[in-house]
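Paired with chain B in one complex and with chain C in the other, chain A is shared by the two complexes that follow.
Take a look at the complex of A and B:
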């Protein structure tokens, strides 16, 4: 009896853990399925839409939503729905690109700071702190503006202002991990440091990194549309959501649909990524939010 | 067990380390900013000439050479950097290329606008967040609680320029209650302040709610309740006070990023202020103005952040100079 009770006691955390893993798996399956449905729907829209995003039609300028133009047309008679569809590629896709590059650069710098001695640590973290000292949006506006407003320069600016939080998170987590038994043992076994970093440190950091990355992704969508709305990012006639808002602003009184739908698209995209990130954070039990 | 005296010494040493770190960061910040403007594309001499004489097209090389001489643009990078830094530290921020008036004067003229906007928004946003979160935690899981959580989630995803446009559409274009664009009367302040306040409300409601719930879950709260202490007293004297410490940190972080929000809101509502000044001078390549504004925002940001860290360190009972507990090193885990 006592033996069984003991085993039950020992099993309890395991059972809890496997339930958590099951929850995580179920969530990932749900996420994958919804993404698939979403992508199929978007692809269908691309294939079936009779309108091109930059095709003007001067007979149908500023027409309100109707059966032939579900979300209306803009000041040049371009279909708003088609433009929103292509705009999503700019807003969401560019943000994806920017945060992936930032995450890779930040992770590399964070790992280097955490593992290549004190001099490297102090130097790299001082540099990180210096970059961190600039408010993100102000730095992005300045860099993009000084280089000349364009999509490339905006992407450059956002990468320059976006990598530091990854570096900080990775550094602090990997310093904590460096003293754990399995890392110490790996080192005593004579594993080269790149192998320790790749096989032992990185997989343990990955969950927190993923949570931070979803957070950064949604914030970058807001920054990209914000910069484009202010005229520092994607330029008209490209159908980025923020740029569409900027174009639509002038027709607020006569054609309010021009500024309602792009804003709604930003809101929905950012909200979905945020909620997914929140759920991931709960399921992974990570501390990624601490550095966000 | 450390005695009080060695704790004071440790405290002063920690303060010294912090100040050294701060100085390093400030130096790094000014180096990055200067490097950015130094390597910016385009000829600076013609930028200055264009700004000075906006009506003239094409400048003879003698004038450009004169300008290069005047602004020592021919010197090597580090000479220019240290000359600039030397003057900057002494409070000589240079003249704006565009108007040839001191950068500082233009800044002061615009700072009041931004300050009134951010201060109004901060107060409004915090009052709303406090009201929402304290009612929400009264009954966790209630309809009001869930509504406030939903509002906070939507608010975090809401682009504030879009919210601004929606407010203009509703209150200025449709209802005609308030002016949409510009600066001047207090009524011009309402919509921009609301836009910025909503962002603060959204971020703070979520956090305050979490802090309140955490404080509420402490076992001693139940003890107080069993002893017959009134709910009002429990909330104000215990829950509120416990939530205040972490809340102050988060509010500090929001204050630091208010300046960013101000840039967007000022441009959306075509208001004057530091944000629209920055955007304007960036586009016209008014480098002394840009240098000053970017450095100003970075210094404010760094200053507020290190104040927060410092306050946290003081308020942490483990680090207290006066506490009788043994000091526990709390190094990296928090960073």
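Take a look at the complex of A and C:
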């Protein structure tokens, strides 16, 4: 990024901006296409897979990867590949849900803190700080433990510990933006608050929000797998990558494929979302977070 | 129409403006001049309720209306009713994510126009500032500085304001564009009978444009005179110095011919 910024002096600002926009557009097209291909492939797997994820077959327990079971079977003879597929819906989908709810709640709170005066700001940010005081995963374990182990409670717990980063980011960016000339203009022209927030503040913080959200998404996948592995999350017989690791732990020596494939799945999911987020951050960087 | 008496502004215990008073009649142009840090922009902000100033009285009389007590008016909002602002840097005064037409249209948001009426009004405002109608679809990054500043003018103009504040409207532009936009400003001022308050540090511009001069230095008023008087017999030594310096640099002609009242083309 620093190199790019230095070169920026040589180019006309318009040329530089449009080149960046072009890069971003190209990346979004690539991202969209690869997502489409990925989703089609996953859908095909769902349709074509001959095995149900929770269907035991006691004749083929703990069998290693083979032509009929590509990723082997587990201790109840369930197809690991089918379970990975369905487990992904839990891991990735639940994390998606959790971070979307967290992002919306955090954004609403951050906008309110940044826009509705000092009293609102102080109150909301102190609440945010006090939520921040608890380490994320430990707080989630505690909440899930107190409420009892279930998927719903885990989701609640993760939402409760996940919204503050969004609130803090949105608040600080919107306070900065509130002093920018175009927001002052909007206020002078008598625009109502909702319109200023929706048309002037939100679009200008959206790039930073998007980057933070991809980051939160991949971390939440790890949290969900972690909680399920500890037994607080998705309960068996439902397949979830963390829960699969927990199930497979007892057979680690004899059937390592029970651990390897869910582990790889988590790694790949987290890595690809993280890398996408990093690339987005780079592309949005200079006219996203900084310049609004 | 705008009368300010003994306005004071303190920030963090430091006095920014001290006992600033002026009285601006309708249809005239007040130029506020001073070096940077003299409180010119702060004065504009204070008069618009964006900064917590104290004053003996601050009255604003809108067209066909009674004078308003601004202390009441500023509870929960800012600005003066029926006034608009044009800021120094058009690129930061326009939301980078919005098309120029949307930004211009927002100026009359309170009127709740139907979309066709709004579209027509935006096109008319663009035409008034000599921009083609298709500019409405462009975003600020896709136009030149001059065009962006014209869009800001259109945003002020579309609301048919009584009073327009300009905060160094030309200083971000090059000389040719400055001259063109100054001419446009004068034309729309005459056509729509508006009162202008212009913050500037360009005495040449002020000489050609102002009816009244308000010179600030370190937050205090150095001169508050009609422009004619100011350039012939300035009120203070500082103003004499200022005028002499501007003459030396060549930005100001030896004899200033005031076109006050007639609003002829601006001699640039």
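In the analysis below, the second predicted complex is superposed on the first by the 274 of 292 C-alpha atoms of A that agree within 3 Å, B and C clash if a C-alpha of one lies under 4 Å from a C-alpha of the other, contacts with A are read in each partner's own complex, and residues count from 1 in each chain.
Following the convention adopted for this analysis, contacts are C-beta pairs under 8 Å (C-beta built on N, C-alpha and C of every residue); 3 or more make two chains touch, one makes a residue touch a chain.
Being a predicted model, the structure only gives us computed values, none of them experimental.
Partners chain B and chain C, once the complexes are superposed on chain A, both fit on it without clashing. Chain B and chain C, viewed from the C-alpha centre of chain A in the overlaid structures, lie at an angle of 100 degrees when rounded to the nearest 10. In the superposition on chain A, contact of A:204 is made with chain C only, not with chain B. Contacts of A:259 after superposition on the shared chain: chain B is touched, whereas chain C is not. Of the two partner chains, chain B is the only one touched by A:271; chain C is not. Of the two partners chain B and chain C, more chain A residues are in touch with B. Of the two partner chains placed by the overlay, neither chain B nor chain C lies in contact with A:37. Once chain A of one complex is fitted onto chain A of the other, the partner contacts of A:29 are absent, as it touches neither chain B nor chain C. Judged by the touch definition given at the top, the superposed model places A:186 against chain C, while chain B stays out of reach.
Superposition on the common chain A brings chain B within a closest Cα-Cα distance of 12 Å of chain C. Chain A has no residue lying at the interface with chain B in one structure and with chain C in the other. Those residues of chain A that touch chain B in the complex are listed here as 126-127, 129-131, 133-139, 141-143, 145-149, 168, 172, 175-176, 218, 222, 225-226, 229-230, 232, 242, 245, 249, 252-253, 256, 259-260, 262-263, 266-267, 270-271, 274-275. Those residues of chain C lying in contact with chain A across their complex are 48, 50, 77-79, 84-85, 87, 89, 92-98, 102-103, 106-107, 109-110, 141-142, 155, 159.
Of all residues in chain B, only 21, 24-26, 28-29, 31-32, 36-37, 40-41, 153-154, 156-159, 161-162, 165-166, 168-169, 173, 256-257, 259-260, 263-264, 267-268, 278-279, 282-283, 285, 290, 293-294, 297-298, 301-302, 332-333, 335 touch chain A in the complex they form.
On the chain A side of its complex with chain C, the touching residues are 14, 17-18, 180-182, 184-192, 195, 199-200, 203-204, 287, 291-292.
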